[in-house]
């Protein structure tokens, strides 16, 4: 037998040459380095904090915040409230702009995406120019520009622009609109609406069963709409229209009544929405284009009508392609909402990571909390989207 | 400067042009900035132009360019030192963008390889790192750089804010690049790995000669998109008080003389970014088309 | 096809001299998680011997030859290739891989390199040969597989048969002592199968040790010293091609042969 040229004399060399032990060695080195770095940082932090006479603790959250937050639609907040409460207000504001932003961005994005596919040259070009210009400019510039447009170009409160019938106003202090006031009996309308929605669900299941058994196809969509609006409308009239509107009106130096949307929120929401919508538009366009032409031809050859081709063949396939990048756009919008700090919209970064940080000097604690919150939101969105994606994949089979 | 409010006042932009480009970089030393811009153009040309004779040397030049530019801009070793706080405007924007782009690519590739490693510890470290960075907004990382990072350093030591920001931006971009490159690696058939193994190539040789050239080629459009994102994100430095083109412009707006000129200012800055980013996007689109036709060069 | 070959292999494999063994597999087992892919494999291959392995899909025949150059790792038993045992030792694996050539079903050429670069790559980076010498050598092998004129093209520009011949040249360029073929003609259009088989027959005539997973029974009859039939991860039967095809012993072999000969 030929000389086995493989035996190394040095035991260390032999360890390094062994597939398994080499893996173990590399991992041990990784862990050692990692812990060394963590230990070094930990040591530095302890020494540095001691030198500044600071301590690492989260008790500052119970101290009074001593600053005002101009926009707190969900929680009662005063400057005597704690830092924890300020953080909660900030978190809710982040979630508010993120959720409403994602909704508006989706609507606008799908619309733009479909316009980009239009065969009308002019429509197509306009959508293309809009999308390309908007998405190649930093979102921070959009936010600042929209904000400055609102506060410099909009008239002061006294000369607020009437956008329709004395009901909607816009000024450099915000957008005003009527808020609904529910009168006694309004609960009946609410109940009627819930009943209508439930019966639509039942009707859909029934219609599907009928189709499976007999082949008869009902116009499910239109009947559903009819049930929801019809039933709710009848009850609304029968209950004596128990709803009125509180219309904003100029009294003294500001508007009284109605709902006011602050310019900070408006600017952030608008800019984030249309910026993200431009990316969504491209995703939607690519998703629809990716469903091969052969699929459409095959379904037409089977005799399906155009709307059925879309409903049964194109959209289910396009959605599978669209959803993963769409979810990362939702994540981006949420993370970009942290730019609120540039125009003074009080989100979690501006409250906890901004003013609370400055006032308490707790740089590490506040930043850890802020980053933790964003990580949690990111994990939730991607977890939900993964679940949704799996569901779509399953129903496709 | 009597700017009539009706009608856009572009004199405003013209009057501040030098400030917008150089920041407060001392006037007699500005040739160094100009030379750096020129070298940057040469480096980009060398990287992008196909079939260039001596392509290898052009690429090496591009690799060394950031260090040459750093020496030119900061000074020392025979040049008058210039403090980094004097750097601002477009110069700062480009420094942040170019540094992030050059250093995030190798770091991102290493992270991607680590994430695909069969060693569980190495993989876990890379996954946690990548997902953490991608899960938080850049602005919080910049806050960490500006407020918290000093606690991590040995007592008494401090280093330049610009340097700290550049490190954070690089790490941030690297996490995104890592995911793009991972996508490219997954796009390769396992046959490529097997053929390389069967020929007796080691892990690093197989990756250098066979795997990465192909994976990176597939990933180029994604990488360019990440770079565009990074370049746009560079304006965020204004939030921690650094004066890039946007920061300078906004500071100018507080000057009573320039009051009410915000629309012109934002349009000008938006156009600047649009030109840079749109041309990068077109380039990436062209490459994508070329790639789709396959390897039939 | 058998009659075209001058030296019809001699059937007698008697009195195997142990120094003549180039591959020796003993009591080898392999699992993919819970799935027992290879069960108690014993196989000795002499220098210069040519073996054809056949069997239904999923029978473990590809896995077996992939174990020989450690693309797959076995869990039990020993594999000794050219005097070197396959263990966790990475250096040994490198040595064996550089001495064992492999041709894949899907060719697996490197699409970003030209044909010449594909062939010269391993000699330059594994054998550390000077580039000029490696390329000259590569041209020699491209001539041997009869496509020197395609040297500067990219794999994507070649037909399947041409690609597979380049893949053979790429392996030969490392002057391997053993060549493994994993269904080399299964991904080819019928009209291209012959050009690849011709190259393989020429290689067989030169005395190369070959292990070929294939269903090309003509090739087996023409060049193989032994045919091995595998099913369910086991070696069911091994015999000379003549005996194997005319007089199979095992029922499973008969069934298999009737399926591939009558389709």
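Here are some notes:
Lettered A, B and C in written order, each chain numbered from 1.
Note that in this section a residue touches a chain if its C-beta (ideal position, glycine included) is under 8 Å from a C-beta of that chain, and two chains touch if they have at least 3 such contacts.
Being a predicted model, the structure only gives us computed values, none of them experimental.
Counting C-beta pairs in contact, the chain pair with the highest total is A-B.
Set against the Cα centre of subunit B, the chain with the most distant centre is C. If each chain is reduced to the centroid of its CA atoms, subunit A and subunit C end up 56 Å from each other. Taking the mean of the C-alpha atoms as each chain's centre, subunit A and subunit B sit 27 Å apart. Centroids built from CA atoms put subunit C at 49 Å from subunit B. The multi-chain contact residues of subunit C, meaning those touching 2 or more other chains, are 95.
Per the touch definition, subunit B reaches subunit A in the complex via residues 118-122, 125, 132, 134-140, 143-144, 147-148, 150-155, 228, 232-233, 235-236, 238-239, 246, 250, 260, 262-263, 266-267, 269-270, 273-274, 277-278, 281. Remark: subunit B residues 189, 191-192, 194-202, 205, 209-210, 213-214, 217, 294-297 touch subunit C in the complex. By the touch criterion given at the top, residues 69-71, 94-95, 97-98, 100-102, 104, 106-112, 121-122, 125-126, 154-157, 170-171, 174 of subunit C touch subunit B in their complex. Considering their complex, residues 23, 26-27, 30-31, 34, 41, 44-45, 47-49, 51, 132-133, 136-141, 144-145, 148-149, 152-153, 335-336, 338-339, 341-342, 349, 353, 357, 363-364, 367, 370-371, 374-375, 378-379 of subunit A touch subunit B.
Within the complex formed with subunit A, the residues of subunit C that make contact are 18-19, 82-85, 87-93, 95.
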